[in-house]
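Here come two complexes built around subunit A, the first alongside subunit B, the second alongside subunit C.
On to the complex of A and B.
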């Protein structure tokens, strides 16, 4: 039997791949890699999900992140305090438009509680609807009757003194049990479709926490990916160069990189952003600087060990140029570990970025960012737990996804570790 | 004597004595190693200090006027700039800065009370030590015992849960863990205070000696103060210690598993020694060697974590000081704090490496 050359192996593999298909092959991998395959698969799905969120936040977020979408400090799942229409359950009146009557007929009277802004809301909305009805022969101009308390008002609805009433929904819900005949209709605010619309609540200026979370994915991933890519683009060539050429250059670079590596990264990033001023780009640059030594050290170490291999010597002896050796023999050996570091590195960079913005350094203060939201929410820890709970949870999930992917990839790429 | 120099004396004194002892009694190889290692620390400090100096020099605008803000009259600005020697050539300023690093005299702060920065640090640095040291001990305890336990229960539920623990802990933002602990133990349960180092009223009775409050309270026998100080310490220490423990669990586990596969462990088992003794007495000792190296590297993470923990818990330490000074654009203070951090990191990694060379005789130059 003839010895198989590497090229025929490769051909066989390609043939195989063509027959089986790439996707099926990927799926078949779980038989060999077991748990690690699942780890990578699950985290890859999570990562893809986060990337989708980051690319199209407006599709998933019900509100814009800066929009003052509802009342302040609304707890998760609680319905906002809206002016709603209540009437006798038997009357069939559920929305304001039901109160329209043909022009000239007696105008219906609607009750409100004195001193509560519901009267204003009712007036505004009724005028709007009335404009729309213009020319149809109908009109909507309710008479507003004022009562001293909600209890009194509801009793008036109950005995028919007023046709309907406009009340604040939360106050009404507290008394609703006492008036079984009175039913809750729709919000008169019309446009605001926020019936239970704030699943994670609202913050101190009435922004939707959920929407800010989704938009925050964008800035987190932007910082994580860009910083890691910059660090990679700078660190990998430097590591290759230092490891390959050795000598004085290697020694100087290594001392600088080791000093940087030993220094607390966040503190370095803090000082760099303090100098550069607050902007997304500056945060990215500051974090990228931190992670250059990580790539440098790994690549340099790998290059040093690969350089001593016999096949490099062989290549050199048949007259291969240095650039060729670097490109063809060393580079492919270094790449898998770089891929693993990259994944873990993105996770790290996201954490560092969040830390910076939590400290109030780096990002402009109005950015929809998880770190900024946490820092703002800390002041309201006594009564608004949701403000400090969800953004941190989001950070954890994203970081977990990238870390798990790195872990799984490490096991798959580096089977030697599987012995452990 | 300022508290800062007192602390340096308390920690540095025995360390220096130990170093002298090792140096006198150690082998020639060990001696050469220590000398080389100390010689390598100097360029590291030098590089970091230079980096700090030149990076901060890029600040757009005049540091004095930006620190004083609109309140600073032209005369004050001119006088301060003169005092700081900002008009001198860059190299002269650089030389003066390196001199200040050697003498640890960083001048006065630009903003606030214009106190000597060393005085401010002698209040802040002990606070950070008080937070960082128990946190490091806690994380090592969790890490070493958790890691060894996971290794002994390999591929069983305990192992998987501890591995999951270390991955999740690694992914937690430290400030969020702090906030969640505050929410649970401070706000919902109301068991522990969530901010500061000591109760404000009790704090006035505390006599400051080292500025490490728990030690001061013990030295003066002020038990109510000690109680309050310890209560304030629990949550920040827990936050920082838990975050660091993940890495230690992971590393100890891998190393114990590796050591357990070695022949001498097998031999110990063959002699009928109980598995628990094999793991905790025989394997753990050798497995600790790489863990010790990691401690040196973790100091960086510990300090970075301390900055965030201090911010969350309003803990008046060095990290909080740094963030405050950055907000008030006080560049002399910022420069000094970062330099202090660099010195601290360099010294700790020096100490760890020397310890390492004692534990593992294979490490020599």
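On to the complex of A and C.
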């Protein structure tokens, strides 16, 4: 009896073996053959994160990528330097429109600091608002009082000499502590908030770098995935066919693929996009052409070796047709290596895509794309380091995530490759 | 007259190589009787595996069947189209390969192997019915039906070989060609496997062509034995007759080369020379350079296979007079 009931340990082990699948391999990989499973885990989280960003950029991005959301060249985290309206906190005046008075009544006096362009901004904005008020019996024509220093101006606000003042927000914030009674109102530069909130700063046309980064994920992954999928869809069947049939077809295909492969990648992509013209689709096609030989070569090689396996001959001996052998015997035995290449290939394609748009080829110039941001930002590297740093990091992270996942998966599915 | 299932007449198989044609099977004629186990023995490279493949017309380029007739159950297989041959393979003739470790598709479950075989040949059978048949079959072969859901790597060598047999039996093949089926099995599994073969032969009315270099296996299971040398048939006959009284000097040498526990190490017979290069086989009898009893005629003319005692034929000039006198 004791012989017939396996020990609980053995039972457990058998159970384990039965259920073994992808997830278990991931988790047990470390115990089984010492893979660095955490590499896969980290990269998988990163990849999933990037995919989420790419799918729902509007959820994560505070601004639209093309919107001029703030002042130009705002450093990461810094508040924009805008002319803002300040007044006594008790006065209830928060925006310029509050200063409108019925026609004929005394015009309110608004203070500015001499030599600072706030006066001009105030004038422009007041005239604009005045136009709108035309005919309502109200007017907005503040009397401008000039002061020599901000300190003096704020004191005037404090003691009621002027109703309000227009000051540069950054300068005001430095002195705000000394004048607790003076409150900061709205910016007078219409529509643009004086709040901070550009965590990665703004670029040379006032777009939010962070939002462009997030929207750029979409285009990067779109190019990476589509190009790799097209290359896979074309390269794998060609490789299977060439490897399986051999002969003249194999020769011809191999010569074509080898010459494509031998050509420097980026140059080939550049020439293809130059011929096709700028559009996302053309970039995808150009990069796909670049990677077809990778799949072709791997699949052809694998097919050649699998073709000689005994089980192929055995399949023939049970009367399997060639098409069946290709579909059910060779293809499933070849495809695992393709999955691994795919992951690494996506990373490569993203890099190439960024390279192309950096060179100004391929994508329309207004696209939110990391390569384009890099290219545009490089001119301002001396005073706006954030313009190229963050897109650069984004490219690096995405490529790292996909490469790490590919390498990790390769190790888990093909432990023999690991060098001890 | 015995009931002949498969009749091979003057089969020639050549492999094209850079340095010329290799004559792997040279004018071989052989009758396989219905219901027998025929052992085909010979050294490595003597063409026995090629012969086995040729019977199924599975020779692939650069090889080709040069000439010869293949009569299977009254039909001339040489006239069959590729599509027709596909239905013969697996359907009528099954094959069991040398290495069970690699002869199953690693990414297919055992059940898929079986149901696919059944449904390839009988497309009308439903997946469910095919699975039921597969279960019945493997249980008969001593594999629990739960194991059908396993992948080949989860099975032992003996089990895999039984799966291979079940593939051949799935469609009630009349003839099973077993190409060194026990080479990679240990002796205990081998013995069980041979028992199984015999049982299956009786139960399914199978005919088995057992290709092997293991004389012991042939002695164990075969009814008749055919000895090949350098692509030619050297001797064929009843197992008891051939093993008790081998006629061809090559068969004598082959049998003497089988290790025996009673012998001292230096008593073990080692045949002189090496098998001939099939690119340029020796003139006359291919065995004459190694033959201890070679005569002048051996180097000149190729001996014909003829019956020297009832139920035992050999291709050797030694028995020519006997043959003539007897005939």
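Just so it is clear, the second predicted complex is superposed on the first by the 289 of 420 C-alpha atoms of A that agree within 3 Å, B and C clash if a C-alpha of one lies under 4 Å from a C-alpha of the other, contacts with A are read in each partner's own complex, and residues count from 1 in each chain.
Methods note: contacts are C-beta pairs under 8 Å (C-beta built on N, C-alpha and C of every residue); 3 or more make two chains touch, one makes a residue touch a chain.
Worth saying up front: this structure is predicted, and the values here are computed from it rather than measured.
S.K.: Using the superposition on subunit A, decide if subunit B and subunit C clash or fit.
M.R.: Subunit B/subunit C on subunit A - fit side by side.
S.K.: So, A:324: does it touch subunit B (first), subunit C (second), both, or neither?
M.R.: second
S.K.: With the two complexes superposed on chain A, say which partner A:361 touches: subunit B (first), subunit C (second), both, or neither.
M.R.: A:361 sits against subunit B, while subunit C stays out of touch.
S.K.: Looking at subunit A, which partner touches more of its residues: subunit C or subunit B?
M.R.: Subunit A has more residues touched by B than by the other partner.
S.K.: Once the structures are superposed on A, label A:314 by its partner contacts, choosing first (subunit B), second (subunit C), both or neither.
M.R.: Once the two structures are laid over each other on A, A:314 reaches subunit C alone.
S.K.: Does subunit B (first) or subunit C (second) touch A:104, or do both, or does neither?
M.R.: neither
S.K.: Quick one: classify A:374 as touching subunit B (first), subunit C (second), both or neither.
M.R.: First partner only.
S.K.: By the touch definition at the top of the document, which applies to A:177: first (subunit B), second (subunit C), both, or neither?
M.R.: The answer is neither, since A:177 touches no partner chain.
S.K.: Quick one: is A:137 in contact with subunit B, with subunit C, with both, or with neither? Answer first, second, both or neither.
M.R.: Once the two structures are laid over each other on A, A:137 reaches no partner at all.
S.K.: Quick check for you: in the superposed arrangement, does A:160 touch first (subunit B), second (subunit C), both or neither?
M.R.: In the superposition, A:160 contacts neither subunit B nor subunit C.
S.K.: Please work out how little space separates the C-alpha atoms of subunit B and subunit C at their nearest point after superposition, in whole Å.
M.R.: When the complexes share the chain A frame, the smallest subunit B-subunit C C-alpha distance is 14 Å.
S.K.: If we count contacts the way the header does, which residues on subunit A are in touch with subunit B in the complex?
M.R.: The contact residues of subunit A facing subunit B are 255-256, 258-260, 262-267, 270-272, 274-275, 277, 347, 351, 354-355, 358-361, 371, 374, 378, 381-382, 385, 388-389, 391-393, 395-396, 399-400, 403-404, 407, 420.
S.K.: Please give the residue numbers of subunit B that touch subunit A in the complex, ascending.
M.R.: Contact set of subunit B toward subunit A: 43-44, 47-48, 51-52, 55-56, 58-60, 167-168, 170-176, 179-180, 182-183, 186-187, 194, 254, 257-258, 296-297, 300-301, 303-304, 307-308, 311-312, 319, 322-323, 326-327, 334, 338, 341-342, 345-346, 349.
S.K.: Spell out the residues on subunit A that touch subunit C in their complex, using ranges where they run on.
M.R.: Interface residues on subunit A, with respect to subunit C: 17, 309-311, 313-321, 324, 328-329, 332-333.
S.K.: Touching subunit A in the complex: which residues of subunit C?
M.R.: 56, 58, 86-91, 94-95, 97-99, 102-108, 116-117, 120-121, 154, 164, 167-168
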